[in-house]
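Have a look at the structure below before the remarks.
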Amino acid sequence: MRRLCLNCAYGFLALGVAACLMAALAASCSAQNITVPTSAVAGEPASIAITGSGKATLYILGPGISTKQEVNLGEDLKLRGDALKNAGDYHIVACSDSCHSATFYVSAGKPASLTFLVHPSRVPVSQQDAVSGVAFPFDQFHNLVFTPQTINFQLSAGNASLLNRSVNTQAGVAWFRTSSGKSAGALQVVASLNDFNARRVVQQVASDPCNLRITGQRNAQGILVQTEPVHDCSGNPVPDGTIVSFTATAASGKSTVDAPIKKGVARAEMEATGSAVISGASGVVMGNEVRVGGRP
Amino acid sequence: MIRKFPARSCARISCSLMLVVCFVAAQYSVAADAATQVQLNAAKAAPRAVEPLTQNSIVRDYRVAWNSMSHALEFNSLDPLNGPFTGEAKTGLWQSVVSQQRSGLGRRYADQTHHLDAVFYAPEGDAIELHDTAEYQLQFLDKGKVIHEEHVVAHYVVLMTPSADRWLVRYLQAVPQF
Amino acid sequence: MKFILPIILAIATVVLIGVAFVASGTVVGKTVGIEAGSAMYGLTPKASTPDQALTNLLVDVKRRNWDQAYGEISNPQVATKQQFIQAWTGSYGSLRTFSALEGFELRPMHITNDAAQMRVRLHWTTPIGPLEDVRDFHLAKVGDIWKTVWSKTDVPNVPSQVIPVTYLRWDLVSAAGDDEWGAKNIDAPHVRIISMNPLDFAEGAVVLGEVVNEDTIPAFVNVTATLVDGSGKEIDEETSFDKIDHILLPKQVTPYRIDFPKVNLKNVKNVRMNVKATLVPASADPVIGVMNQKVDPDYQGKSVLRGDLLNESGQTVNIPHVIASLYDNNGKVIWVADGYVEHSLLPQTAAPFEIEIPKNMVPKVSNFHVVVNQYSMGRN
């Protein structure tokens, strides 16, 4: 029994050696060394070379591309630029009797555009580190450019320059953070790289109302109550549309009106026949109280 | 001794076998999805620290993205790309699948592990850049037949941006090294 | 033998028609204590009692049989037929114009030989759900029948005039062109939940509080609450639905209330709040004042917050919706109540409103804040 097993083992060994020899022979007949570009750039043509003779099936699989074609071994193969638009790894597989593979990398081209994220789109004035921007350089085929680039960030409000800072990209990104300006209005934010730039606008708005003051006087309909021009603590007018809540407390009950600021002032008509105490508030900011006497 | 089954029994056995095969295939598919391992190191993220819940979301959504991408490129289906990808990543993968549909080729990513390093997290949290060191078994398919297989260690630069309920892969590009 | 089945069917048909005749007068309105009788065309029972007279009127109103109904009032001189109809069907696109009388319950209040007072609970179907209305009717005996004495209703009428308004609105412009990443970012409005209070109430739990728009632009706001149990499992998730003023102008505060029917607060360990705000086009008008607010008992003895809504602008508000935060003496929101006003609010006119306050809340209420949500045709 043991002898029988030994014979079997010898047999398998002999078969293995024969198979190896056959494979080595075949490989020597159509040896395929694939030479790929060492530095390919997106959108630019490149060539690959496969040694050997005869025909083979060539597969190219990369980002956005997948082709299969018959090629003659031993000839240089030209890859058109539009086949290499996407940066990343490209795999070449050539199959005749056996398959061989190689991989090459296509890098992004020169920067051609900037993606620029700016936050927030509205910001109260005089807020620390409230405005930030992030810029990513891309080439003409929208590949992210990783080689360091110098991006210039400029912030201006009206004619005043609030920030002018150059930042080098790291890992394909550059960013800034800064405080908002002191006056309400449009804040122009520009990121520049070489000859092109991306422009965004941040609306600087007044902060919460400050020192909200109201006045009230009796008229034919009831009590006309209105605010003085409403400003924030920096003197910026609070935007029109901001709600001021007026409350009149009288013997007949409580009356409230949520009135929007229009042209800088909020005003409302309150119904109250007797004397009333009137107060105003905007959001969580309280104003003064006024007492209006009853109708004579 | 050969035992003959009646025709009805054969049909029953065939059905049972098909069910078993389907069940096993489904289990295998789920297992394949679950087997994609993703780890995130957010210690070096700047200028903003990555919140723990955000870290969990990114790991979850990046895993889903790779599973969807693998499915799309293996079976040449565009549907899996609709959820987890946006922007250039979606466009690029779309082109890849369409190109594969034309050529009859496919790619299969198996045994994936991804080690993510968060290198940039935008001040307002609206973009995160990740460096992914990925390992997987990559197979190239021609009409479903494997023509080439290799173990790949690849480096990817990834940009993810938040949507209403998840993080989307906006940019996914292989690089030679970080 | 072959005629048995047709004969049975014919008898059954006649019986069913008979049942329908008899039942038709009683199914529409539920009379407490007294039969309402039939109200078929040509078969209206004689109004020999006050409740029968009122039942006849209300059945005709329900069927929009206006000629008949108008003929059942004792004093047609106080209102034209058109005014009478309008009193029931509403006008100016108010909630009543979209409503239908579904049923009623009568309760005699006071009856003498020739006069009576009846209290009626009217059940309306409306687009925002069923509404109840309680009204008192006077009836008088005219000859040998009873008729309803129609109370003249003052339908608001605004004289022709020009009301100058400094009009203010926010429009939303969506940029055209390609969808470049980062080029179209407009931040959502900043809104904040300023208070949240979970309560056990009736057969469920409620989560209520207030939200403020801290931004300088209008916001469409919706609040969602998720109840979580001790193991971190979600029990239920609901939104504020119509118990909130969805469109908040800058610095405006709205109450919100989220109802969780059949959830016991004892099982809730955590409440996750989520406020979603989106940018919407909006108008700063109309401005609606809430005048003479006070808590009073109504004529059923229930406590109500009542007052008058005053439309200070130049446009008609079709459906006013009043929402009120009720505070305890520590300023904590203890309840959020709301109610729709059935009549539209014409420019420069006032209309009363009432919101019921739950009985157990009444002793705790120290203050309140009322906001008016409004639906105006062609503007919402």
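Worth pointing out:
To keep things simple, chains are lettered A, B and C as they appear, and every chain counts its residues starting from 1.
Operating definition for what follows: a residue touches a chain if its C-beta (ideal position, glycine included) is under 8 Å from a C-beta of that chain, and two chains touch if they have at least 3 such contacts.
Since we're looking at a predicted model, the values are computed, not measured.
Remark: the per-chain Cα centre closest to the mean position of all protein Cα atoms belongs to A. Greatest Cα centroid separation from subunit A: this falls to C. Mean C-alpha position of subunit B lies 53 Å from that of subunit C.
Here the CA centre of subunit A is 47 Å from the CA centre of subunit C.
Chain centres here are Cα averages; for subunit A and subunit B they lie 23 Å apart.
Across the assembly, subunit A contributes residues 117, 119-120 that each touch 2 or more other chains. Residue positions of subunit C with contacts to 2 or more other chains are 181. Those residues of subunit A lying in contact with subunit C across their complex are 115-122, 198, 200, 205-206, 208-209, 239-245, 252-260, 262-263, 268-272, 282-284.
Note for the complex: subunit B touches subunit A at residues 47, 88, 91-92, 95-96, 99-100, 102-105, 107, 119-120, 122-124, 126-127, 129, 131, 138, 140, 142, 147-148, 150, 154, 157, 159, 171, 173-176, 178. Subunit C contributes residues 166, 168, 170, 180-183, 185-187, 194, 212, 214-218, 249-253, 284-285, 287-294, 307-308, 310, 312, 350, 368-371 to its touches with subunit A in the complex. Within the complex, the subunit A residues that touch subunit B are 59, 61, 63-68, 86-89, 91, 93, 95, 99, 101, 105, 117, 119-120, 129, 132, 134, 136, 142-144, 146, 170-173, 175, 177.
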